[in-house]
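Two complexes are shown next, each including chain A; its partner changes from chain B in the first to chain C in the second.
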Partner chain A sequence: MVHRANNRASRMLAEYKQIREQLQSHESILMLCPAGDGGSLSKWEAQFCGPENTPYADFTFTLSIEIPEMYPNEPPNCRFPPNHICHPNIKWSTGEVCLDLLKHETWSPMYNLLQVVEAIRTLLAEPGVDSPLDVDLAKLYSVDKQAYQGLVTYRLCSRTL
Partner chain B sequence: MTRNIYMDDNDVYEFQAEDDDGDDDDDDDEFSIEFYNHKDNDSVIFQNDIFCEDELDQQVPLRHKGIMSKIVDCKYKEYGDEDKGILEDDLPIIEYSCLTAGNIYSLMLNRASKLQPVFNIPISDVIVLLQKYNWCEERMLEAYTDDAKAVLDSAGILIGENSELFSRLKTRDGFVCPICCESSETMKTFSLECGHEYCLTCYQHYISDKLNVGNIIKCMNCELALKNDDIDIIMGEGSSTKLMLSSIKGFIQKHSQYYKWCPFTDCKYVIHVKNTMSLTQLNRKYLSPYVICDNKHQFCFNCSLEVHAPCDCIVASFWVRKAQEESENLNWMLQNTKECPKCNVNIEKNGGCNHMTCRSCSYEFCWLCEGDWSTHKGSYYQCILYDEKKQNKKGDDEKKIKLHKYSYYYKLFNVHESSAQLDMKLGLTVEQKVKSLQDNLGISWIEGQFIPEAIEKIVNGRTVLKWSFAVAYYSDHSHNMYKILEQNQMELSKAVEELSELLEIKDPKQIMDRKLDFYNMSDYVEKRSNALVECGRELLIKGICIPRDS
Partner chain C sequence: MQLQIKNVQCVASWYWDVPKELKRDLHEGEDEDDEDVCGICRASYNGTCPNCKLPGETCPLIVGSCHHNFHVHCIYQWLNTSTSKGLCPMCRQAFSLRDGIRINEPHKEKFEKVLMKARQQNVVSVSGVNAAGGVDQEDVMIDQEFIR
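Entry: the complex of A and B
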């Protein structure tokens, strides 16, 4: 079965228009725009502030998004810069994100980039401690929330220096 | 000539072979027809025919053509002689049937149609439910009686709507598919009752990968399940079967206690054992549950290896693991090196002539016959002693036991494995010859059947011989039983070689002339195989053979 080749392009264009409209009134996502060379829509970058009432609240985060050839049938690849964010489901050293939604089996073509960024932002507030990437941090989260918050804040403060 | 065969601690069987061409015959008298030689007339051959068929009936479980209903009686009927003491009459019978994933699916469909009145929902919905509960109706019924609505919701089944009237497939003008953001004048779209409508191409893309996974496929925007009919509408007739078979495969994998795929390459059959109790019972008796699929592949239901008698599954697994660990090194050594006949250092021949000089002990020898080079004077480039020496090789092998115990056994194991494959090939060519004989001389098909029978016996014999080396490797060599095992191995390997020689005959006429030899020899090979299996098993039972990692 041959799929239309321009499938990704028209979908990305439609999303681009939609995102530009929606971002104007969005308070937490500061930026979501293509970051590729020469106007290519295959690489995106997002910036958002951490969710309220969490140790992430006072910080902003950068997320790079790569759109695969098969998008929207394949999920986008999302990744934080290395040593950027401290979280049970995010690998500190690489910035790799572990989120169900972004797995091939659970991804639905109906999700769009805005929803993906929102989902990752929600993940910051509600870590999935059952399938952690950082086992120690997940343990700390479930045993001693205060210590967890302290550690996250410390790490986040130190990264900017 | 008189030969002694040591069958047991106490009994020494003695028999006379009158014909010198090497076809030794029955060494005990459990069968009604005792002896044949070339002078026997046709009527005896006829009797012989019958005898062989009887024998076959006993040894090989009946082939079954039907799918579900027939149960194959596969009592692992062993080794004829019941008076040996360690054989039990009450060997458990493995009840099994040979199926394909398709068979299992049609069985499941039957079950679904029986369940349908209970649920009072369309049969396609029942199938989705079964799929959700991994084809386990008990769990499904239990959950359904607990909370029917929750079960239906979680499976993505909508009830009450008249889905028959709902048109899923539409041709739309001016519709923009929310997934690919395309539109055209004649865009085909699909939607379930939920109304989430997407173009057909996007739906096809969405489904095509998921067909191989086997889980319920849901609407791209909600939890509503796509039924088999929907999948067929989108992907084309018969596509849902692919999804169902993937789901059945998952079911088989999850129930490996009862279901096993035939491990042979490209074989699609699944063996379903109904009485799993028999498996442990057999195990306790150091026997293995051998099953045969409809492609005539025989394998052990426990460990999915080929027939590994006289080893039980534990010895076989130890041996296989060891072989995997060592074979890489060993294969290379066996293929590329020889041991110096004097100091047993491994030597690699990397080119040049056959005149070898050992670097470690300076012994000069011939690469081919491993004999002293000084005896080769005058024929430096062609070893004339090779054939002569080849016959004396047995003596050499005995020396190697002490030197390289494992490589010795592994080598033998390997030799018989490759020989069995060669025998198969050889047999096929002979069979073709017999076929041509059928055409030319009008010999009936049934009369030519002794060739495939002989092939079957020789391959079985080689397999037994092969695995008996694993038993030998793990056995206490000082024990008397071990010597009996060795003796049995020798007898079987002699018998196998003799039968193999018969199979090498190319002339069809000669083959027909020696038909009786074929019968006698295959029968003898079979008996020797059985004796060896029994002997090996006894080593296991008596704890003489204990597998361990060295």
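Entry: the complex of A and C
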């Protein structure tokens, strides 16, 4: 068990340094930093702008990231706050994210937190309608993009900040 | 007693000499003079994996057939997870030790075992049968022996 925590701690420290250097070049990511719990670097928070030319463009989103003990051999747990984001692959009521990259079967230790956040941001622009969490919304996305955009915008405008 | 260091003279230094043809860049377009790092722990090849204190022969590198190289302890831990499926974390080809490389020799047997297990798990999970079995205890022992 000690080994695992060691792995996580030193890897997160390396990522922390890298993030501090590289965050400026990711303009859409407003923030990616540890969410204070005594400096263990096991909980992080990200804030990013929605991708251009999507109904998410004018909104900012908050993502909490939990680094499991087995990281980087296991994927981080990413979650939006409840009732925060309306998307075919994200559960509105819980904020749960469904993305291949974050599944145990497809995760690889070569990915890092910056890539994870970018991947989730890309997911907003390109929903995976083949394996949706919100089936109705995925269906709407496939058959009527305009209605989909309207509904997403409506939900995002109505969320409590 | 108080000591004051007046002068340090470096008499030797070392580094892992990885021939160019045996490595691929971690990220394309990265500066060439960036130090090579292990893709798993992100520490320098010449440093140690997170669990070792002394760099060098006690925490060596391993050269993969796919030209991706790691600290031996890091890649072993990855391959020992049930989700690795025995694949290289960088390129997702089946991981194997490159033949004819001296630094790989002492590890061949251990890697064969862990890769065999990973492949079995892969087959089992594909056929949908529960992978839990009597092998776990043995694996733990291999682990303890191998990772200090």
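Everything that follows uses one rule, which is that the second predicted complex is superposed on the first by the 153 of 161 C-alpha atoms of A that agree within 3 Å, B and C clash if a C-alpha of one lies under 4 Å from a C-alpha of the other, contacts with A are read in each partner's own complex, and residues count from 1 in each chain.
Simple rule for what comes next: contacts are C-beta pairs under 8 Å (C-beta built on N, C-alpha and C of every residue); 3 or more make two chains touch, one makes a residue touch a chain.
All values reported here derive from a predicted model rather than from experimental measurement.
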item: Superposition on chain A - do chain B and chain C clash or fit; value: clash
item: Of chain C and chain B, partner touching more chain A residues; value: C
item: First (chain B), second (chain C), both or neither touched by A:Cys33; value: neither
item: Partner chain(s) touched by A:Ser108 [first = chain B, second = chain C, both, neither]; value: both
item: Superposition clash, chain B versus chain C, among 224-232, 440-448 or 530-538; value: 224-232
item: Overlap of the chain B and chain C footprints on chain A, listed as residue numbers; value: 3, 7, 10-11, 14-15, 72-73, 105, 108-110
item: Chain A to chain C touching residues, read off their complex; value: 3, 6-7, 9-11, 14-15, 18, 70, 72-74, 104-105, 107-110, 112
item: Complex interface listing, chain C residues touching chain A; value: 37, 39-43, 49-51, 74, 77-78, 81, 83-85, 87, 89-90, 92, 147
item: Partner chain B, residues of chain A touching it in the complex; value: 1, 3-4, 7, 10-11, 13-15, 72-73, 105, 108-110
item: Touching residues on chain B, where the partner in the complex is chain A; value: 178-182, 196, 198, 201-202, 204-206, 208-209, 213, 220-221
